[in-house]
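You will see two complexes here that share chain A, one where it goes with chain B and one where it goes with chain C.
Take a look at the complex of A and B:
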């Protein structure tokens, strides 16, 4: 068992200063791969360092394996940390770097040797054992750093942007290796990153933070498909979600969303009820991902469209930029309703400066309250409908 | 094929292979000559400046080698006409110069060791540990640097005489066992030390002392070397304090011993110079031996890397 529970954890670096982390509550189960994401300065590293014991917790409780750990020494918490800048001891060779923590614990020489070789074998750095860190490449250094965490056989690993110093290709490779290590060891991993791909592919749970608070913590697919609020919706996904301001109109039997340029989009049936009831005549924000915009002739909303008139789901804009991504093509458009981006098949027609009409898949759209910015259809735990 | 050769000729501006080779050689020679001239000028300028700076030192060596009658003449004599070691021999026999040197070595060596130990440990606390009142304490330490030594010398004297350790090695060593300057320098150096190494070691289960011994010291050798040289030379050159607290000839350090050459006999500048040259040698040896790490240490905080 190695469960970590944070209860209303706060961190204030200096008295009178703003909280760097505020009321963070989170339960991390054994073997989970938890990813902290969020804009720079939102408190990800601080949270991680509080779990590690490198920063004192100003307020709140940290429980590990059912024991209160606020004031337990870092070395007694039984966790290993990988730092962004590797933190290798430059005057020791790779072998000694890996063995250092075990030597401190006065472990038997043979056992140390066995573990070092095991970790080195797992990471493919056996041929580097006699070299000093200074002569290694970035990727190799990162492997050594991960290796020195691995040898300790701990149940919890903390990783603070471990791959951010590597180039894209190496990062992809290390990502796969990390996933494999996680699968093999079954250990809990807590991981901070800026990289969307790392977050989506590695995590069993993503924690989105902003200004010291958790905005949403859930499985990657949930975060992507059912964001709790506008911030999470805009932060996760790249390029990010398009947002349009609008007002709910209920002229007759059907509900419509009126955009700022006067376009009327009919709201599909599954969304209409609540919007009609609570938001008639009120301002909301429509969020739609670039891949949910289509060209004319697209086969249709993904089920559940009901009676809604799909022909009303169109929006015209002027193309201001066009990006070829290889398998797909990004169009960036300007319209009176707002700027938006669309991810379309490579064959899509339209050059910069031309007008283009696109269809919004309203069945996959999100509606946010204009004031609170909360997802109107989000329910704690599981999304409705 | 022909279009290809044409293109190549065009690219080379119509020169043939041989012509091109010759041109390249010519250009290279030109550049090389320029570089030689530049280096030559630089060396000449450096030599000139070095001579100006070293002049007092060189002159004292030269005076030390002169018979005393040669010095007091009206004509300009920079170089001894009849060089002699007489002055050195007299300096060594007239006062126990060897004893002075041993004393100085003992005192300066102990002070250096003591300062390195105390300053680096204090600086470790200031740089790596978090505790209440850390900044105030550090300010206090820094404030002591602003009190001139002359202001405290008398009260220090009264203290040590009260302790009854006048005219011993301890009285020479004890008051200099730590220094605010050393703490400051070490702290500055440690601040540029990557904090994550300390944190990583802490997570690995390393105690503070073990961290200092196995990681910090090996990685800050150059700073320690720089501090050692600096402290040693300062201690070697102490004058006021040893003069005040030592009375017997046995406890004299070199700087004071040298002035004894002055008073024992009638004034003999050449004799004194011989003494001075003798006692400069150890500090020069120390400096030359330590200069690499001195320079490395002084500038290592300046550039990341």
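Take a look at the complex of A and C:
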């Protein structure tokens, strides 16, 4: 049992100054792989350091295994941490770096030796044990840092942007290895990153933070498919979601979204009810991911679903850039309704400077309140639909 | 033609060294050579070499009890000074390595001895250690004549010198501590190390290159202490604080035995050089990382 609970945790570095972390409440269950993600300065590292005990908690409570831990020394918390810059001890060789935490606990030498070799074997660094950190490459240092956390045999691992100093290829490889370590150990991992690919691929739960507050905490698929607000929607997903400002119009029986250039997009039935009722005549923000834009002729590109007329879901823009991604192709377009991007099959026609008409899959669109920026259809972790 | 140009290019480097060489020649190389030369002669009162005696000055030295006394006194003095000044500097630097309100006042006062002239400090110590009005006796309630008692005089001079030399050590160690990455302490505290373990397993090894350098500089500096002895004790009481540099000064400018003084200078030079060489040999083996 190793449950970590944060209750309204706040961090204020100096009195009267802005909060670095504000009212963070979160329950982290045993064996979870929780990812804190957000732009730099959002408070994710600070939150992690408060869990580690390296930063004092200004207000709120931190509970671990049912005990209040606000004032427990870092070394008493039974955590292992991997730092962004690896924090290897420069004057010790790799073996001593791995063994340090056990040596200072005066553990039996044979047991230390066994654990060090086990961790080194797991990470493939056995041949480096006699070397000093100064002579290692970035990836090797990273492994040593992870290894020195592994030897502790603890239930909770804290990782502070552990892969950010590695090159792209190594990062992908270490990502796979981390996922495997997590599967093997079954320990709780709390991981901080600003890279949403790491967040999406590694996490069993993603905590999206911005300006010291949690914006949304949920499973990766939920975060992607049902973002709680415009910030989460824009932050998760690459390239990020397209946003269009518009107004809800209910001229007759059907509801429409009028974009700034006058385009009228009919709102599909499953969304129409609430929008007609509460947002008629009001401003909303439409969010749609690049992969939900299509060329004419996509399955069901014309005709009707329910009473909504799909042929109205089109938007024209001028192509300003075209990126070939291999299996797919990105088009970046400008229109009077706003700039947008689309992820399309490689065969798509259209050169830079040409006009292009694309269809929006409105059944997969998100609607955000223009004022609060909240997802209109988001309630308590799940969409209404 | 081309060959000449290359030759000029190669030797032009010496041209750049010339100004520095001139200064060294006047103030270092010439006096050094002259000292060795003088050490082989008997001199008149003006310090002019008069009679070549070969190694007799050295022979006299090595058979004189006064010389051995002054060697012993110097070694004890150096040991106290080096240990004291390095400990003082290290403790002060560790205390000032964390930011706290008023840190500037503290670090300035720890570094201040560096800026005090040894003779000035000795004058102040004379008042502090004065048996009737000095603050040391007043505070401790003791009645000790610190400077005139052969048992305490050397320790007093050594403590004064240790304090004087601690300022620069404080600076060296502060710089050394600044070079140790903060995050390894954070990792150590999560790893479970307490403050004492962190100091001995992280701070000291992290300081080891600078510790070594400071040790060498301190030893050389301690061997050359002069001003505080001159002001505080004049080598007395008896011969108890007659450090070798002071003994050189006394032989040359009181007794007008320039030959003997020169010979002592050469011996001092040999000792310091030997120590330095030995220490660099040790350093190459294990201090670096």
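Following the convention adopted for this analysis, the second predicted complex is superposed on the first by the 380 of 385 C-alpha atoms of A that agree within 3 Å, B and C clash if a C-alpha of one lies under 4 Å from a C-alpha of the other, contacts with A are read in each partner's own complex, and residues count from 1 in each chain.
Operating definition for what follows: contacts are C-beta pairs under 8 Å (C-beta built on N, C-alpha and C of every residue); 3 or more make two chains touch, one makes a residue touch a chain.
Bear in mind that the values here come from a model prediction, so they are computed numbers and not experimental data.
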> Would chain B and chain C fit next to each other on chain A once aligned, or clash?
Replying inline: clash
> Does chain C touch more residues of chain A than chain B does, or is it the other way round?
Replying inline: C
> Of the partners chain B and chain C, which touch A:52 in the superposed model: first, second, both, neither?
Replying inline: both
> After lining up the shared chain so the two structures overlap, which partner does A:91 touch, if you call chain B first and chain C second: first, second, both or neither?
Replying inline: both
> Does chain B (first) or chain C (second) touch A:376, or do both, or does neither?
Replying inline: neither
>> Going by the contact rule set out at the top, does A:250 touch chain B (first), chain C (second), both, or neither?
In response: neither
> Given the touch rule stated above, what does A:10 touch, chain B (first), chain C (second), both, or neither?
Replying inline: neither
> Should A:79 be classified as contacting the first partner (chain B), the second (chain C), both, or neither?
Replying inline: both
> Now for A:264: first (chain B), second (chain C), both, or neither, which partner does it touch?
Replying inline: neither
> Where on chain A do the contacts from chain B and from chain C line up?
Replying inline: 52-54, 74-75, 79-81, 83, 85, 87, 89-91, 100-101, 104-105, 148, 152
> Which of the residues in chain C end up touching chain A in this complex?
Replying inline: 181, 183-184, 186-194, 197, 201-202, 205-206, 208, 289
>> Under the definition above, what is the set of chain A residues touching chain B in their complex?
In response: 52-54, 74-75, 79-81, 83-85, 87, 89-91, 100-101, 104-105, 148, 152
> Which bits of chain A are touching chain C when the two form their complex?
Replying inline: 52-54, 73-75, 77, 79-81, 83, 85, 87-92, 100-101, 104-105, 132, 134, 148, 152, 158
> Which of the residues in chain B come into contact with chain A in the complex?
Replying inline: 194, 196-197, 199-206, 210, 215, 218-219
